[in-house]
Each structure stands twice: as structure tokens, then as C-alpha cells.
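Chain IDs A, B, C, D, E and F follow the sequence of writing; residue 1 opens each chain.
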Amino acid sequence: MLLEKLVDLALEEDIGPGDITTLACVPAHLEGGARIVTRQDLVLAGQEVAEAVFRARGSKYRACAADGDNLGVGSTVGEITGPLRSILMTERVALNFLMELSGIASTTRLHVEAAAGAFAVVDTRKTTPLHRSLQKAAVRAGGARNHRFSLFDGVLVKDNHIRAVGSITEAVHRVRSRAHHLMRIQVEVRNVAEGREALAAGADALLLDNMGTSALRHALAVFKGKVLLEASGNMTPERLAMLASTGPRPDLVSVGGLVHQARWVDLSLELTAVP
Amino acid sequence: MLLEKLVDLALEEDIGPGDITTLACVPAHLEGGARIVTRQDLVLAGQEVAEAVFRARGSKYRACAADGDNLGVGSTVGEITGPLRSILMTERVALNFLMELSGIASTTRLHVEAAAGAFAVVDTRKTTPLHRSLQKAAVRAGGARNHRFSLFDGVLVKDNHIRAVGSITEAVHRVRSRAHHLMRIQVEVRNVAEGREALAAGADALLLDNMGTSALRHALAVFKGKVLLEASGNMTPERLAMLASTGPRPDLVSVGGLVHQARWVDLSLELTAVP
Amino acid sequence: MLLEKLVDLALEEDIGPGDITTLACVPAHLEGGARIVTRQDLVLAGQEVAEAVFRARGSKYRACAADGDNLGVGSTVGEITGPLRSILMTERVALNFLMELSGIASTTRLHVEAAAGAFAVVDTRKTTPLHRSLQKAAVRAGGARNHRFSLFDGVLVKDNHIRAVGSITEAVHRVRSRAHHLMRIQVEVRNVAEGREALAAGADALLLDNMGTSALRHALAVFKGKVLLEASGNMTPERLAMLASTGPRPDLVSVGGLVHQARWVDLSLELTAVP
Amino acid sequence: MLLEKLVDLALEEDIGPGDITTLACVPAHLEGGARIVTRQDLVLAGQEVAEAVFRARGSKYRACAADGDNLGVGSTVGEITGPLRSILMTERVALNFLMELSGIASTTRLHVEAAAGAFAVVDTRKTTPLHRSLQKAAVRAGGARNHRFSLFDGVLVKDNHIRAVGSITEAVHRVRSRAHHLMRIQVEVRNVAEGREALAAGADALLLDNMGTSALRHALAVFKGKVLLEASGNMTPERLAMLASTGPRPDLVSVGGLVHQARWVDLSLELTAVP
Amino acid sequence: MLLEKLVDLALEEDIGPGDITTLACVPAHLEGGARIVTRQDLVLAGQEVAEAVFRARGSKYRACAADGDNLGVGSTVGEITGPLRSILMTERVALNFLMELSGIASTTRLHVEAAAGAFAVVDTRKTTPLHRSLQKAAVRAGGARNHRFSLFDGVLVKDNHIRAVGSITEAVHRVRSRAHHLMRIQVEVRNVAEGREALAAGADALLLDNMGTSALRHALAVFKGKVLLEASGNMTPERLAMLASTGPRPDLVSVGGLVHQARWVDLSLELTAVP
Amino acid sequence: MLLEKLVDLALEEDIGPGDITTLACVPAHLEGGARIVTRQDLVLAGQEVAEAVFRARGSKYRACAADGDNLGVGSTVGEITGPLRSILMTERVALNFLMELSGIASTTRLHVEAAAGAFAVVDTRKTTPLHRSLQKAAVRAGGARNHRFSLFDGVLVKDNHIRAVGSITEAVHRVRSRAHHLMRIQVEVRNVAEGREALAAGADALLLDNMGTSALRHALAVFKGKVLLEASGNMTPERLAMLASTGPRPDLVSVGGLVHQARWVDLSLELTAVP
């Protein structure tokens, strides 16, 4: 979904047939100014969608910081000028996006710092429906990388596929003959034996999901250097720090919590100019 | 936005032109069965949207619990039957909705229990864009009540409106002459003097926002019984418990954190039948 | 539905894949000018949608009068400049909106004048599907007020709800526990006894629908001052004048006929400049 | 626009995010029955859209009369069965369509009877935006015929086209070379001289618009039998009767008032079965 | 479907959630320039849609030739300036449209030249779904004319209609009483006897479909001058030349192959300015 | 775009507000039957979209052959039953899809047979806008494989990206740091030197585009076995056969002509049952 369409639907949700308070109080011709300020320390994300929200109803948004910036409390995120009615009617939607996405960027930053460069931190498909593109950008703003976007742009053979097909080998062969030649094939495995079968079948990457720490270390030791290795499952900054502290290390660790354990940060909009 | 359209957009986001792994591995004619189980204690929400997700691609969903139910770890949330391809392609979207919404219901329940019936706990317009209708239902599932849905179905005169108009009195008069006769008018006030002006102008309800505890107690004492009183601002279960413990008490306390401080709960889908 | 989308659909309806006469006769580069003139006395409404229609295909519309203005025959409503093709292809849709909406404003004015300020005249939900927002604005242009916009922004308990629930009391209690705190509750009653039950249950307003004149007078006398009172049912300017002439008077009278008994007024578009 | 989409938009307009009264009062599992009855004599139109409205939310509609039927007061138009919630939430939209369209059919019938078969009565493009397809069907239900549907499916060279091109002859030649071979070309003329030019240029039909009675009679006498003749302009049943009473007569008379001077008829929905 | 919507859908198809190569390689602020050049001789079509494609993502397109122009190999079709990202992301869609449509215009030109003005060459409804409007414009660019656009703007009674109704006579009468007065009626006939029945019933045009050459010549001789005559069925430039060479000739020959036997021409986009 | 939406838009294009011939001739209650038969030898494709077209208006389609089948002239492709009106109104759209797509499958089959298994034949992004998903399925039905679907699901660094970035090395590095780990990176190169740079930078695949035969052979010899090799540019069945006949051979050859040089095959619909 194009950003403009997402923004239109979001404004329609919040405004409905009209903002009765604002239409009654504020004359159509009044112009105004406002700024968005932080009420806590945070990593910023969402500037593009905020700009689109204000623009959709005829205001102008000037970003005063960039996605990925560390901002202290009291910082100015952006400045808005335009019809006062427009500013008051779009304020909530713009803030909702910025607060959600900066929350994700801030949470992501904590994880990335815990990993200390020992491996890539990546997100998952556990994202809020219709917000995936924005949330994946927020993850990048926080310093992590993205996993595949959807079921369409990457192959990941999971336990349910393997059960449906009968074996890892058969699953990998089927995908190889159907996916285009620019796709690598990753297989989710539960133990070293499955990992060996996947490798023999031609897998390019393994997903070591929900393994205990010692089983994970063992699997990493067996496969390190032979294939791309991704670890996953209940990853917190603490667990990332532990994994980063000593080898063998995975190439990537995927963390659903970058998105789904993030809480919104606190921002507010203040009128700076009222006629 | 109708639920069916929301679901279509969400599936389009996750599936794109096609789930290459599933289409390659799983033949079109295979039927399957699955169930969704809890991996932690939670308050359930989202059964209607989960049902719509599975139905949208030709599977059937049988709910095994109702929105608002307290479920222990290992409980069955629902059972799915249908084409195996369909189940595997819709699983993630259905789980994403259920995990998000049950997280909100669970967080809400904590707040409602803290309030102990001393006042109504209500939500705010700080909701995830395009998820408002679902999130407000999750808030109800958690036992709280809803504030107005949007800028259209309720009048709330805020500080920015008052600044634009010049005075509380003028703002209330303008809204009264424009809004239909079934609308009550609520005014956000910062102190007792503003509250008195709002009352004199004909306001039906006051919003006491972001007041310190003693200022809030004072305002509640002044206006109790004369007008509907809503308190708001940084409300946690602890603060709700304190407000509930001794009078005077507001009629309602609105808590943005029911939604924006909630984290997703953990659920998983397990295949129960593979041909 | 946003005004721009409504206008796009309306133009698509009238133009389809293309206006064959205009495309054949008028070269693409020709610019033109036109004006819209009244062919009868009227109260104007629809300037915003007219502007949007001409703009949608690249012309400019300058309003020469405002919604709510009384215009005599031969007055100029607005002036259009732009590509001649565009003017000729949008003329009919713009006129259709203006003629319909000015008809409603003109009919409304007659009713408002008959009421002579003795009570508010309000509209109903008997509006042309997809035209509600425009028609309610036309009603305001005519000097009347709006009732609730839809089933969503106001509570009106009608006979069918009462029958489904079993009693007025039960219906009011159910709605009170579900609707947000800024909603007043109105109940449709057929006689004084029902009105008393509604009041006791906590209703904020009564709808006295389709009562004969003496029954209506009696009910007004009983409830005057205790609750908001709306009368309705077959209201003509004559009946409004009678109701207005002597007390007790209702607070509001709702009149479906503001919209559904209005006829279009007559307007025409004249080319003022052809190259 | 497909009927289903029109109906969805209409229901969205009236219901918004939800019918709060009905959702609060009526449990989801209750089934109900209802019927629509006439409260005045009328010619019926709109059965297809009424059926689509009730079906869109899960009820069934059984038509008890057909479009074009003359119904006396108290007649049953159709019967509805389904979830009581669904019936109460769709009632208003279904009635609005039926009342509007039956109003058009009834008005049309008066005109057709006045014409007494002396010429065809046809509609115009002065129809309510987004309702054209329904209103043209209502016109047929009333016994009249349709003119072209849109700017796309018929050629009508009007005064503004002629001004843009310079002459009737040039306009007709341009259209002939661009329109497909199954299109007849009609030209609007103001007098006999223009009619002669149009004929010489190859026009298949003339539109004699807004002529006084004697000028119209003269033009009819001159062109009768040589080309299709349509008269138009301020046509009432009285004027149609006069035109029909004595020759020469036009082949068709187009009447915008079939639609834009029609008022809604009165219908109501009564619950017949409540659990 | 409006051109802008078609273009949006086409870009969405090719770009999806984002062009990963371009977003990774090309910084957002880079501006660029490019031109489209022919790699073979061709008749040009598609300039309007090409312009809309580049505009949809913020570039500017300057057409250097007009639809219908004969261009030799190496000619410049148009020049693009704008953000380099935008140019690279829209290039393929713009070229796909231009190559398809210029292929149709080029193929059409061959047929028109074969007909040598002896009759009109027209297209059919055998067009690529969703491309009809563009393809019919390409046919005009190639020098041929259009048949009816759709099932809505022209009447063509085909064998299947006749079978359903029982006779040609009955079919023509039914259509005459339902279609508006600006529609001519064409009937598909298989032999002279059927043509005579159609004429007697009032048909305005005959379609002589899939007749052998001698049968066709005979039918043309019988009906020439009495009714519009269209021939159709497996028409190649060779067969058109033969039909054109000697009388009696049809008024029109419709050729599905103008569209469905056309192959794309070869065009390429070259960057002219890279920062 | 979902198949159902594509089909709705296609039917809307062909039917508009209604099929006047069919609505006039064929009563609503008539049921009918029909079959689609081949009028030439072909490889079939498009059964899924044909089924969706007939279903969209209430008919049933039973496929009598599968995509990829070789069918001789006179074979039955599928059988339709349903309302006769529905069959006649959807016939053209269903046939247009089947004729287009079977043309592509048939053309593809010729190329695949010429390659004789020496390398994979794959398609390109030169597809008809809005038909990509269908055309890529037709390519598979013809026995070839698909390249990436869009700019989103595969990385291909082309000459224009390289020019914008400055070097192959820089381009590959930028993409590697931005694309997810399941993406292989392919680089378009013009000669062996560029190929060596791409390999050194970490490219997984090379695209040898528009090379002359001897240059291509040389490049294949240099890189064979070191990296995935795709050849492209003006590939005909003859050239494929030549490339296949002697080594070194590429891994894949991409052929735009599978789609853009394909012509429609000939199919017809015959009524089998008319009441």
C-alpha cells in the first residue's frame, strides 16, 4: 500500500465525516504554526509518514531531526505550518505514527547495542498488520537490519512445510525448482541432524529457532562457516549480549521483540503561532 | 473500514503476489487442520478478526474461547480446518492480530483491576492507525470502556481549540451551536478557575489532564457532583489504585497506556492434521 | 467518503471512457470561460462541491456567492476558467450538484422562516444515499440545524429497539452501559406513559413522533423543561408555523421533507469566452 | 459503479464504525422478520437495490411486488428475514432508496399518461450524481424511456460545442469522423435555419430545446418525417398533454423533471417477528 | 478506469513495496536525465500514458514525437528529467506501455495502407483486458477507426442473441424498444437470407462475419447502398488489399489482429545525465 | 492485485453500465450452457482466470484441460453453465484472457523445445502492465521458468545503477548492506573485465546482456562454474538452439519475446444449450 493511501485511511479513521470540535471552534481562514517535541529520550523514526500526514490536509512539515537520531527530552522533532484547522485535525494521527515508530527504533537500538557488532540483528514478520513497511524502516532507523519483507520476497522452509512435504530434502528440492535463481533458500531446523539434511539438500541458510543455549552453541559450532546461520527465539538484549560475548556466533539473530515488545515513546504537539 | 477490507489489505501485505515457499512445497489439493494455543497466561481478544483472516482465504475457524476470557498457558484459542496452503499463508496475519489485541486486553485487565470499580477506566485516541476499531474492542474485552471513537462522534474542547478561539466560554458556545443536540460537550481544563468558566459556559464534562495529585484532588473536590469528571495523564495501575483508594474520585480515568504500553502476548499455531 | 472521491465517481458516471462529442469537436488546446447563472430565486448551496468538480478536471472555479445567500433570478453563482474541453465535460455534474443542493437549501429556508425561531428545525437520516454530508451542509445553508449524522454519532432508541429488548427501561440501561460518556440518549415515545418510563430510565431527550396535534401538545406540556423535546412526523411549513404560534413548544422539530420533498432549482452554465 | 459497491458505500455512510443503539440493545444471535409497507399510493421502483442492501449485511429480502407496479396505500412491498441487528442497521438505507426511486417512477407515470402514447417520454442527464443507473431504471419502471446514459454512449451536439467549433456543419463533420458507425448524431438547434443546416450536414436527429409553443410547432411541421425530432424544455404533464393533443408531434419529449421534480414517496418498515 | 489509476496499479505491480536495487544504490537527492530511443522503425503510440507514468513518481516527460508519427530507428521518443531514483523505478513500466502500444499502431498502419482508403479499417473488442482505452487510441494513431468501445455504447446482435430469442426479427424489435434513439442496430448475419430478415426488421447495419470470399462478394452486391456493411473474419493486410482492389466493397472491415497479432516494438531508455 | 479484483475491473471495462444488446434480447430467467473450443493447435494457459471471470457474474466453469496441455484444433477447453445473460456478458473477457495467455504458453513452448534442456529458459519484466502474474503463470505453463517478479523480490544491478554509483564494486557493496540475507545479487556486465569486477565484489550471478555470439562464448568460458550465468538479448528459438548445441552454456537464458512476441491463439465460445 502506498504511503499516501495508508495516510488517507488513517485520517479517515480518526476524522470520519468531520472534526466537529475544530470545525465549530476554528474559522476556515486561520493559519497556524506548531512543533512536535520529545517528552523523553528516544531514537527517532517516522519522519516520512509524519510529513505525509500533515501534507494530506494541506499543511507543511519541516523535519528538524532525522530518522535514527538520538534525541534528548525537550528536542524539537519537526515544525508544522498551515491552516490551523488542518493542524488540529491531523495532529493525533501524526503523533500516533511517530510515537509508535520511535518506540520501535528506540527498542531496536537497545538490542543493537547489546549485540555490539558481533552479528546482525534482524526483525521478523511479527509486525502490526498494515504497518510493516513503516516498522521495518523504524528497525533500520534503530540500527538493525531487515529480514525478508513478506512471504513473497524470500524463501524460508518452516517445520509446517516440512511436515506437509515429508522431508527437508523434498521441501528444499521443490522450492529450488520453483523459486527464481536470485533467491537463497533458508530452512528452519531443530537440531544438528536436520541441519545436516538441509545442507545436503542445498540450503543456503539455516534458522536455528528456539534452541536452548547449549544446543544452539553446539549447532553454531557444527555449521559455522558452511552456511549462513540465523538464531532466533525469545531474544532479549541480555541474551543478545551473552551470545555476542563468546563464540561461535551466528551470522544473524532475529528478534520479534524489536517490534512487538516496543512501547510508544512520548511526544507532544505545541501550537507556536495562533492568530 | 470494513473488517473484510482490513483483512484483505493485511493479507496482501504479507503474501504479496504469492507465498513462494508454500506454493512450491504444498500441493493445492491438500487439506489440513491446526489450532492456536497460548504460550502464556492472557486475556483473549481478536477472535472476530482471526476468523475473518482464515475465512478470507477459504479456511474455517472455530473459536474455542471468547474475547475477554482469562486463558492459562497451553489453552486452545481456536481450531482451523481448510486447505493446507490457505492455513500456512494466513497463519502469520491471524497470529499477529491475536497477539497484539490480546496484549491490549491483558494490559487493560490489569488497569481495571487496579481501579477496583471506583471509577470507569476508558481508552483514548492514542491507538495504532487503522487498528482503532479492533483495539477499542480489545479494551472492552479487557473490561474497560471506550471514550469517543474519533473526532466525529464526540466533542472535546482542548487547549489548542481554546487558544484559537480566545476563551473557554467562546469555544463552548461555538460548539453548542454547531453540534447536534445528542452531543455532550467536554472541556479540557488546567485548573479550577478554568473548570468554573467551562461550567458556567455550559460544559457537560471536564477533562482534568496532567494535573499533579494534590491539584487533581482539589479539582475533584470542587466539581464532584456538578459535572462529569474525567482524569487523565500518565496513568499506571499503581496510580489508578491510589486514586481509587480514597475520595473524591473522578467518574472516569482515561489511560492511553491500555493500548500504547501493551506488549504482544505469545501464541503459536500448531498443525494438527497433515495428510 | 472524501469529497474528492465522490466527485471522481460522479464524473466517471457521467463521462465514462470519454465525452465523444466534446473530444471530437473541441481541440485539446482551447481555453474557455463560463459562468453559472440562476434561472429562478433560490437559496444557494453546493459551492464547495462545484469547485471540486471543476478542479477535478483542471478548471478553476471562482465562487461569486456563498452558501446560504438568497439569490434572485439572473444572479451569477460562479465563474469558471480552464480548458474548454474540461468545462464542457464537467458542466452537467457541477450543475446537478448545485441544483439539487440549492433546492434543499431553498426548501429548508421556507421551513425555518415558518418556525420563526420558536424552536430549532433539524433534518433526519432520510437523505439521498452518498449525498448525506452535502445535503446536511445544504440544510445548514438554509438555516436549519443537523440531527445526528449517522447511526454512529448519536443514540436514538426507536420502537423497534424497544420491541427487541422488551422495555424502554432495559433499552436505555443497555445503551448507557455501552455508549461513551459524551453521548446523550434519546428515546422515541408514543405517549406520555412511555415518556415517563424513558425519563425514569435516564433518557436525556424524547422524540415525540407522529403524534396528533392535541396529543403532542399534551406531551409537550407534561415534559417541558424536564428533558430535551423533539417533535417529528409529517411536518410542513404550515404545521411548523402552527406549532410555533403557541406554547408549549418543543425544543426541536425534525423534518425529513427538508431533503426529500425538495425539488431542484434551475441553473444554467453559459460560455463567456470561446477562442 | 457496480450495485454492490454503491450499496457498500451507502451503508458505510449511514452506519460508520457501528450502530451504537442497535449493538447495545440487540444481542447478536436474535433473528427477526419485517416487511415494508406503502403509506401512500405509488408506482414502485428500487426492488433490486433494496434486495442488495439487505443482502449486504446478511438478511434476505423477498420482493412482494415488481418495479412498475401500481400499489395502493397499505400494500406490502417486500419481506425481510435475518439477524435482527442486520435488519435494524440496513432499514434506513433500503427505505431511502425505495422512497426516492418510487417517487421518480410515480412522477414519471404521470408524465407518460399525459403523453398518451403520442410520443415517447424520455429522461435526461439531470440525475442525482451516483444514482443515474438506478434513476434511469425507475424512469423505465414508470413507463418512460431512457435517453443516452452518459456523454459516452451517445452524441449530442449542443450550442456550446457549436460555438467552440464555429458552425453546426463543422461540428457534425468532426463528430462523424470520430464516433463509431453505430452512433447516430443529434444536434440541438434553436430555430428552423439551424435545423436545416444540421440536416444538410448529416444529423440523424434534432433537439428542439426551450422553444416557445408556436416556434416549436413550426419547427415540427418543417422537419417532421425527415429526421428524428426531440422536444425539450420545461415540460410538465400539462404541457405534454397539450403537445399530445394535436399535431405535428415530436418523436420524443425529454423531461428532466421526471427525476428532479420528483418527491420521495412514503414507506415504512414494520417488524413482524421479534423473538 | 482513469489513466492515473491504471498507472498507479501498473507501478505497484512492478515496484511492490520498493525497488531494492535502486534504493540501495542511488541516493535520494540525485537528479538525472534520460531519453527514450527507437531501436527499429515504428509508428508511435502511447505518449500520454508514458507521460503519466513518469509524472506519477515525480519526473517530467517531454514528448519529442506525437502518436501516429512514423519514426526511424534511432529516433528520440521523449526526454525525462527528475530524481534519478524515480527515473529508474518507472522506466520499465513506461517502456512496456510504449512498446506494446507502438506495436499496435505499427501493425494497424500496415492494414490501413493495404485498405488504401477503399473502406474503413476498424478494431474489435478483442483487446487486452484493462488496456482497451489505450489500445483503441493506438489503433487511431495507426490510422484506423474504432468500433464500439464496449457492450454498452453500441448494439450488435450476434448469433448467440438470435438463438436465445428465436429469430432475427424478434431480436431487432426487442433491442429497438430498449436502446435509446441515438443507437443504430447492427446484426451479424451468415448469409443473404438472414441479411434480408435483418433489413426487414429495421437493422441499420450488417456484420458479414467469417464468410468465404465469394459468399462475401455476393452479400456485398446484394446489400450495397441499402445498409451499412461491415465485413470481418481472419482479415490480414493481404486479404484487405484484395477486398480493396475490386468492388463491391464493404463500408468497414473489422480486424481483431490490429491488436492481437501485433508484437511489441523495441525501445530503450538511456541515461543522458548522471551527477 | 488479487485475481478477483483484476477480473472485476476487466468486466467493468467491457460491460460498463450494462450490455444493452443482451439485456434487451435475453430474459433474466433463462439458463444456458456453452463450451470453449480451440480453433488451432496450442498450449493452454489461463484456466484459473477464465473460471474467475465466469464466476464473477454467477456462471460455473468446468475446466476440460489443464494449463500446459497441448491441445489440437477442435478441443474443448472448458464448459460453462449458468444464466444465459451472464454467459453472453462475460464471454469476451474470458476469451480475451485465454487467447492472450495461451498465445504466451504456446510461444514459450517453442523456445523451451529449442533449448532442449541445455539451460533454463526464463522470462523478463517486459510484460503487459497488470497482467504480470497471469503472464508469468503462462510462461510456466509453457515449460519455462520465471525470473524475478518485480523490482522488489530480486536484486539486479544494471548499467544505469552502476553509472549512478560510479563503479560495479560500489554498487554491489551498497546492495549487499541493504538487501536481506536471502537475496542473491546479480550484476549486468558488458564484458569480461566488468564480470571480474562484479565477482570480486561478491556478485552471485552475472547477466551477459546483448553480447555478440563470440563475446558471449568467451565470457561463458571465463566464468562458467564460478558464478550463475544468465544470457540475454534478442533471443529467438533459433538462437536458443544454437546456444544449446555447443558449450560452454549459460545457466539461464532470459527471453522477453516469450511474452512480447507472442500472438493470441484462436478460441471460440459456442452455446450448447439454449432454452
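By our rule, a contact is a pair of C-beta atoms (placed from the backbone, for glycine too) under 8 Å apart; a residue touches a chain by one contact, two chains touch by 3 or more.
Nothing here was measured: the structure is a model prediction, and the numbers come from that model.
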What is the chain whose Cα centre is as far as it gets from that of chain E?
B
Where does the A-F interface recur among B-D, C-E or D-E, taking recurrence as more than half of the contact pairs being identical by residue number?
D-E
Superposing the Cα trace of chain B on that of its twin chain D calls for a rotation in degrees, to the nearest 5, of 120
Based only on mean CA positions, could you tell me how far chain B sits from chain C in angstrom?
34
So, in whole Å, the Cα centroid of chain A is separated from that of chain E by 46
For chain E, residues contacting two or more additional chains
12, 16-18, 132-133, 149-150, 152-153, 155-156, 183
Going by the contact rule set out above, which residues of chain C touch chain A in the complex?
2, 133, 149-150, 152-153
Parts of chain A lying in touch with chain B, wherever the complex brings them together:
1, 6, 9-10, 12-26, 30, 32, 84, 88-89, 91-93, 95-97, 99-100, 103, 125-133, 149-153, 155-158, 160-161, 163-165, 171, 174-175, 177-179, 183, 260-264, 271, 274
Touch list for chain B against partner chain C, complex
120, 122, 145-149, 152-156, 180-186, 204-205, 228, 230, 251-252
Which residues of chain E touch chain A in the complex?
8, 12, 16-18
